[in-house]
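Naming follows writing order (A, B, C, D, E and F), and every chain is counted from residue 1.
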Amino acid sequence: MIALSLLGIPNDDNSSYLKGTAAAPPLIRRELHCDAYSIRSETGIDFGEAGRLIDCGDLHFDGVADAWEVIEQGVGRALAQGGPLLCLGGDHAITHPILRAVRRCQPRLTIVHIDAHADLYDAYQGNPRSHASPFARIMEEGLADRLIQVGLRTVNDEHRAQFERFGVEVIEAANWRDGLRLDLDTPVYVSIDLDGLDPAYAPGVSHREPGGASPRQVIDLLHGIRQPIVAGDIVEYNPSCDISNLTALVAAKLVKELGGMMIKTALGGTRAAA
Amino acid sequence: MIALSLLGIPNDDNSSYLKGTAAAPPLIRRELHCDAYSIRSETGIDFGEAGRLIDCGDLHFDGVADAWEVIEQGVGRALAQGGPLLCLGGDHAITHPILRAVRRCQPRLTIVHIDAHADLYDAYQGNPRSHASPFARIMEEGLADRLIQVGLRTVNDEHRAQFERFGVEVIEAANWRDGLRLDLDTPVYVSIDLDGLDPAYAPGVSHREPGGASPRQVIDLLHGIRQPIVAGDIVEYNPSCDISNLTALVAAKLVKELGGMMIKTALGGTRAAA
Amino acid sequence: MIALSLLGIPNDDNSSYLKGTAAAPPLIRRELHCDAYSIRSETGIDFGEAGRLIDCGDLHFDGVADAWEVIEQGVGRALAQGGPLLCLGGDHAITHPILRAVRRCQPRLTIVHIDAHADLYDAYQGNPRSHASPFARIMEEGLADRLIQVGLRTVNDEHRAQFERFGVEVIEAANWRDGLRLDLDTPVYVSIDLDGLDPAYAPGVSHREPGGASPRQVIDLLHGIRQPIVAGDIVEYNPSCDISNLTALVAAKLVKELGGMMIKTALGGTRAAA
Amino acid sequence: MIALSLLGIPNDDNSSYLKGTAAAPPLIRRELHCDAYSIRSETGIDFGEAGRLIDCGDLHFDGVADAWEVIEQGVGRALAQGGPLLCLGGDHAITHPILRAVRRCQPRLTIVHIDAHADLYDAYQGNPRSHASPFARIMEEGLADRLIQVGLRTVNDEHRAQFERFGVEVIEAANWRDGLRLDLDTPVYVSIDLDGLDPAYAPGVSHREPGGASPRQVIDLLHGIRQPIVAGDIVEYNPSCDISNLTALVAAKLVKELGGMMIKTALGGTRAAA
Amino acid sequence: MIALSLLGIPNDDNSSYLKGTAAAPPLIRRELHCDAYSIRSETGIDFGEAGRLIDCGDLHFDGVADAWEVIEQGVGRALAQGGPLLCLGGDHAITHPILRAVRRCQPRLTIVHIDAHADLYDAYQGNPRSHASPFARIMEEGLADRLIQVGLRTVNDEHRAQFERFGVEVIEAANWRDGLRLDLDTPVYVSIDLDGLDPAYAPGVSHREPGGASPRQVIDLLHGIRQPIVAGDIVEYNPSCDISNLTALVAAKLVKELGGMMIKTALGGTRAAA
Amino acid sequence: MIALSLLGIPNDDNSSYLKGTAAAPPLIRRELHCDAYSIRSETGIDFGEAGRLIDCGDLHFDGVADAWEVIEQGVGRALAQGGPLLCLGGDHAITHPILRAVRRCQPRLTIVHIDAHADLYDAYQGNPRSHASPFARIMEEGLADRLIQVGLRTVNDEHRAQFERFGVEVIEAANWRDGLRLDLDTPVYVSIDLDGLDPAYAPGVSHREPGGASPRQVIDLLHGIRQPIVAGDIVEYNPSCDISNLTALVAAKLVKELGGMMIKTALGGTRAAA
């Protein structure tokens, strides 16, 4: 049976404005396993089924070892279990060392990146590991073949220069129409920054940006992917900004829907409800 | 003049996970009559007009009489006033005894059921009256000819078996597109579980499920109905989960829009704004 | 080993203004067992010790049997286990049937009643079972020898007449000084209405009344009791009024401190920290 | 360089139900300049660029001078700087004296008015300056050639009579489809009452009305305007109703997007992202 | 029968940092009359008794007349009814014109002023009417014989100079012990700024200052006054800062307790519970 | 002029249950410098005076260097400025490396530790650096001569053994009476865990424990210290648990009062208000 591996990466060392995302993984898990909700995905995959979900726990940052190496090695170990891997941040900076590990197994890889921000600064406040910069690092190191950014609504001139430099494909929030489908031709890594959603749905983020997507739009985009989704992350949940745990629950829902599509695309299947 | 009857049914005896919906009716009424809002419906029906709204108050459960009989009899009395009836829950379990009373007056009846959940379990935690089971009871007892469920996003295999067994027509949330119209050919009962809405709009429910409808989508669906809506319910408002009374207000809005369509379809009219 | 029995009584049928207290027991238990807190009491009693706490679960009200009989019988069964019993409401009305069961085992009994309100109305809105009336019923039926009310701040003329009629001893909030000790000479039943506390500490009650006690004042009063506390209740937690679960946690704290004193006084001991 | 003038008008003297909107301007500015967000607009206009934004501060109402004259003169001074002007309320009543000043510079003017309410009462509770009446005053005084109201969901018979009397063009919320474009042929004044948005996105308004627009729908409508937007207002933000500053942030976002379109249409440009 | 006059003064024109207190009076009245609470005071005075409470409504500021004259005249009219007068702010600036009217009837007058701040600045940000300055105006104009300030916790050198200049008697929060009694020898005006309370009890103020009094401490101080309390105010409730209406309820409680003492001291009585 | 050094230590690597305290320092600073509040202390020290406050910023944890060395060296640099030092956590684990640096300058040192918990576990969940263990490390390494713990309310047998082993002096919350004064005879380090306060005042902590101190009690304890307070910390503010920033403001208040006493005791002065 193909199992989804779930790995918490509670690291917010590189958050520039407001820390707090390191508190996220246990709060997302609490919603995922709460008796009030079904753990079955709309995709038809039931994560309550024995052997369908392997929780690898949280990486531990002891303040001694280099955090990037802790992440790269931890992700490597989780991938070694053979199933698709979903990582829970932490802030968006972690996507860089995650992809170092993922890339070793994936010679062809497209990143689908849902976010309000491009996260492409060469460095931010002098920090090249900043959570505003991971995709600059990723593209420089050649950790993906294509980068598709969806839902952006804070693009500036430096971003546009980086789009050109790295050949980034961009669908801004203003152009995200219902029923959007992406044209994909390689295995896929999906990186979801929760601020890609509108703050009404996901207030628990450090940088709220009105005008974002609804959970249904994101789920619909994910359900439409037919290439294998080999790994991904859900990042930037900041409980200190949340209202009544709304965002933790949205993150848990996305674990089920993104994770469900990881299983389905690994099975070569198509969406049950389609 | 055709009057809408409004009846509170503050009963949450059969809520499995979290009680609290018994507190709902007075809080919904408070929003309905609040000076900050108009009591006129978008349908053009004005519930501030003398004689347009008959508030039958709340049923009283004294802990002695059988609650199902209290409901069936109370609903029967309210229906005897001749106008359409809108019941305020309480949890979804109450729809079963409500329909026992409604069915006696309606030889042909279609239920339009808006919800995140199918509520079709044969029993839940051993309780056949559970708020997760009313539609199993209703269909077994033949209390409706058709059951159309709209907005579901937690369907599992037991539900699919029940869909087949009872001939349930299902439009999952993933397939609910703007402008959805239902093909109806009998009088209609509308049952609205507030968790059919996305938690951003209606956080005050015991089982929040992201990816739901907007109030506008629900109102638009209701406005499109042309068959007489003879009765209905708005259930599962749980104030202990609400944020800043948002959900109480949405419930009050739906009282006006569903109630307004009850009056309009009883008058044989069509939507004013159409 | 002497064990504390814990029994949930999720009944709010007799709440006049706002229902919702039926949702309380599982939310109090969640705080009691939350990993963030110690389950050890300040009294030195450790409820994490095997055999120290027997959770009898929640009574079930099926809407068929008389709720007062369900409570009286359920409490009787819990008392039959031999240890002291702590009941979690539900509203204050439940104290009446609880005491019917308790009185059968206790020929001499003093009630220590902490509350903002006297709850002594002969009837309220025509309902003699109202949560504003339990102590009128209790004293009429002779279910206690003495009634001491502490923390009141809404006394009116009808209450004063009832004080006289039933010989109630009253310490209003205005006269509750730090270090208050009660002069007790029989076994004790402690009934804590959470609105006895100031709303800053316990906002989750249907009838907030500023000017109340602090948790420390209540705990100090409890720690000073030397007679056996044979049973008690913590009632009127209404989650729909709570802020960030503050009141659920205070209720759980009081379970530990009142329950701890039940064990200590049963052991004939005195307060460890004294 | 064309600069946007920003003027706070903290006046809620004419709010009928609940005051509090006078507190809005500094709270909206705080979000606009918060380090967590970019001050660049999706239109491509960057208000962080030197000289692009002139903050005229807040008008001061000293309780001596006539507030309508304070507003008319203050707006006149701000307009004299030559750039487009965006006013921050305060309640909707202020639009009347604002337009007295704007009209002097604009012989041809269309008002695009986004709101849940028509604000066309001849008077409300005897007050002709009421925040429910500004557009009656505006149209009577001939301060605009056309009035287009978008997003209404509380229309009644008095409103319909006023629509007829003043030739108001109306697009109710029920008819606002994605991609809506307005047919405009004169310079434009845009007046945004934040309750035009659904309360899930903008709870911080005195009169919440479910079924409203999303921020994206409003932004998309604004981005589609090609005529010069010479002035406008964002009104009715009431912090006492807000949740976690959600509405202040939406208002700040609309300052950037409406302000950005003011600059772009003044430059004769078209939307960058189009 | 001696009646308490209640007058709302919804004016925040002179709030320097954050407006919003103009929204307070109707919200305080809503709590005062809410069915969940008794309108009887702990003093034994029952404001539900016919003729005991005269609500003079709210003053209207039309933006034309001088607000100070509106207040002075409105207060004069309310005082002309003969009973003691309790004013609901609005911000603290209103105490100045209130006292102009009160002083005309009271040749001997002591102000008891409960507050976190001395409000004695000669002017604040150039505004002599600022809500940080009323007691400088009051003492300059000789509107009281003595000024006693209780609960201060932000005293600076300018304040100390003003203490000396005006002979102010000060009891800082650090020195406010339980059971505090004031030595009074003239009729009394009581001015309660809600930020005199700790923010845990009264978060709904523009300038929260931890380390303040509890409601019980304030009530106890009021209950200990034996001189006639001829007038007073409760000011600075800012709903935009409140949490779950906690502060509105505290304000309503203080209306009952301060108002009750106004009646009792007018009757020449002493505290019932003493 | 003696200046207070302020140093942020945003580290929560060793929080067992819930991370998030790393987000605290900027939020506490925001309240400290907010225009709504005075930056003057009740001690008479004015931190707005030029040269009175040196903000050393936040330590940066880059995920490469050992965090304990980063803290010890950063604290050493801050102490080298010569004035007293106040550190802002982060969780309580940081007190261990802070004291390594402090001890080098202080041959005689008493720790005054205000907390709900003893934080004396030999290790917690296998982590000797746990935030539940710093005082075990501190006492083992001889980093203080005396340890006085105030406000505890979760003492268990392992704690009591450690009290004995290390000679800890303990004043539990149950015994903390108003006006408490400590008998001190060496320079002092004050460590304030915000959960020493009652959750009504400081809800923003990972481990809320009802029955705690009020801010006034803590301030009074601090104001009573006459020995030099050479350094200290305010730790465990977790914004993800806060309500409306109440706890951030309490922390900022304590910065002023503890910092003020650091200056005063360094000046050899006594409390101005005494």
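Heads up, the rule we're going with is that a contact is a pair of C-beta atoms (placed from the backbone, for glycine too) under 8 Å apart; a residue touches a chain by one contact, two chains touch by 3 or more.
Remember, predicted model here, so these are calculated numbers, not experimental data.
Shared contact partners of subunit A and subunit F are absent; no chain touches both. The set of chains in contact with subunit B as well as subunit E comprises C, D. If you average the CA atoms of subunit B and of subunit D, the two centres end up 37 Å from each other. Taken residue by residue, subunit E touches two or more other chains at 18, 178, 198, 200, 243, whereas all remaining positions touch fewer. Pairs of chains meeting the touch criterion: A-B, A-D, A-F, B-C, B-D, C-E, C-F, D-E, E-F.
By the touch criterion given at the top, residues 35-38, 40, 42, 46, 178, 198, 200-201, 214-216, 219-220, 223, 243-244, 246, 249-250, 253, 257, 273 of subunit B touch subunit D in their complex.
Of all residues in subunit A, only 10-14, 18-20, 22-23, 26-27, 61-64, 66-68, 70, 129, 238-240, 242 touch subunit F in the complex they form.
Every residue of subunit B that touches subunit A in the complex is listed here, in rising order: 17-18, 153-156, 172-175, 177-178, 198-200, 203, 206-212, 241, 243.
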